[in-house]
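The structure follows.
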């Protein structure tokens, strides 16, 4: 267990070293992120010049949601996306074998190998936005409040990791799905706003098919103090189910790659 | 006698590939009835390898050598038979097993691209849990043998192909594996680089008594390194023994190149004419045991300007072996 | 000369189609994202309208549905991606290959662009139909307006292409094209009518939008189709589109010539 974490840390340091080779990119990354944020905030202003609330959410609460949106996107793009992208390239390039020969659990290696340290700029940005929103909300931050938020955030990360893993595992069957991971990115755009504004069918898709709701809306609800225990409960169940499903699917894919069963 | 490092018995691998139908009608039918074809990539091969041996796997593309190597390293599950390496069942991929083997593939890198090789080495140290002292020692040795000193601090992407391969090999040996699987390690390298890698493998093997399984289609690799070759063709093991025996068994001929004054006598009466380059220059193939007798007769019957007796090149022998296709006999392993 | 060009386009159409068919899954996934974007804002504004008791700025849910559904078509017609490619094409020397051919490289780009738009109708039209059924747009328009819409669409597409291609020329001078492109698309997002129908923007933004080319790519054709423009405004719109097209053709030409000079000077 400890060895696995230590290995992940090593990959993090490696990612840092790699990006030091491309120094300029950090600042460009930060500026791009700021511009993205400005666009989101601009959109918010335009909406709120016409209304006081959106689907029951106040301006400040939506600010918190945007913060969560940026934070989660950044976390995904720090480890999950680059690692799984590299995994898919390895399968196509025939270099997965090197990874499979290492005396370490393959799923772990595949998941933590590639770290884009630059993205931490976005994490910072998201955290800043969330902090500003919380300050504006002025509500006393209770322990229960914080715990709910951290739990929702963790569940969101688990769910999104499992989802991405399952998408990436498809490469064992369909070698040519070049940009399957983009499915999430496309639908993630809808996460800029609380999923409540979408019609029932779209809400369902964004919750259970491509789990955007649990990545953004649910943690934001926790921040706004409007997270219902039922939602949290469903989140826990979904996270557990997806962990089991994605692990099974991964092992099935690996066995296929090794020519184990038909 | 120690137990063999590699023990393979009746190893087989059969793939089921879907039959891709030609034509519209067949394509439509295939929607309902997916037919698959069984392709025997490796068919019931068996052999044993002792510690410290360097064994070369020879065979044309698609013969089954890489498939065999993958089954021995645990990357592929056999359909039948058994592959035991260092006492472990390869397909179970136990960590204890993985720590003692290594794989190097020609033209495929596992070093991290954007950073110096030394950083990748540190990563491997971590992955294999190599103790500090041992790592230092091994790295020093590899640096000396492969002349890595000027290379390891440059990002891998800035190295030439040959330099990159040297670093790859070094990275693969940092954990002092007992068994080395080398799959076309000199593929794409220039002649000098190839020679350096070969020399290194020889030296390393002599020093550490590691077992080396090598596939290549460069004869020079096999000739330089492998005292013992396994010839695989169409998934079957055709030959297992010293390289020299391969020549003897499959080509009991010698080649005579004759430069002579054209006259009315026909060289075809003395042996099989392989090549006629000019009216006065022919290449004959003659049975080995009659070489002396035929040479004498040629010298007597022709005005000979030059006469050369050669063994057929190993390439020619191999070509002949493969051209024969399904030869039933497999040679017995040399004692 | 013209016959030559026609031959070229026909031949390239076939090739492009074959290539894009190979990448159909990837392209389908990309389309998904493109379709989703107007949907998101449709839902956002519908939500606002509901909060405000039914309408906001003269738009009810049915109006927003109509607006953003037409936006889908316009967005498709105005799609251009070449400004993302030119940095790569120039740095990797691919441009040199294209310059050797006796046809201006823009024709290859135009044909690729048109092929994509035609090919993806296979996905766009069914999606459009499905979304019509799901979101129930309300149209209060005239036959005449709808009849003029395809022309406005064509002009918008041409305008978007030339503007985008002119932007792509920036790659000759900088390799920070990502930044340049981002600025362009951010401006487009606000001032074209994607974030919100222009009439819902604060007045100062509406003024700025009037002088930028974006509204003539998106907002004008949409409002035309929805029957919100009188004859005077329609004529004015077409005229402005034509002017902008002309303007970008000039900029494009100039940028290309100077860019090529620069490119050749540094050895290509």
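Letters A, B and C mark the chains as written, and numbering starts fresh at 1 in each.
Simple rule for what comes next: contacts are C-beta pairs under 8 Å (C-beta built on N, C-alpha and C of every residue); 3 or more make two chains touch, one makes a residue touch a chain.
Note that the coordinates shown come from a computational prediction; the quantities given were computed from them, not determined experimentally.
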Touching both subunit A and subunit C (chains): none
Return the chain label for which the distance between chain Cα mean and whole-protein Cα mean is smallest. A
Farthest chain (mean CA position) relative to subunit C: B
Out of every possible chain pairing, which has the most C-beta contacts? A-C
CA centre of subunit A versus CA centre of subunit C: separation in Å? 30
Taking each chain's mean CA coordinate, subunit B and subunit C are separated, in whole Å, by 57
Inter-centroid spacing, subunit B versus subunit A (mean Cα positions, whole Å): 46
Note the residues in subunit A that touch 2 or more other chains, in rising order. none
Subunit A contacts subunit B in the complex at 3, 6-7, 10-11, 14, 17-18, 21, 93-95, 97-98, 100-104, 255, 258-260, 262
So in the complex, which bits of subunit B are touching subunit A? 13, 15-16, 70, 73-77, 79, 91, 93, 95-96, 98-99, 101-103, 105, 108-110, 112, 114-115, 119, 122-123, 126-129, 155
Which stretch or stretches of subunit A touch subunit C in the complex? 28, 31-32, 35, 38-39, 42-43, 46-47, 49-55, 176-180, 182-183, 185-187, 189-190, 192-193, 197-199, 201-202
Considering the complex alone, what residue numbers of subunit C touch subunit A? 23, 25-26, 29-30, 32-33, 36-37, 39-40, 43-48, 51-52, 56-57, 134-135, 176, 178-179, 182-183, 186, 189-190, 195-196, 200-202
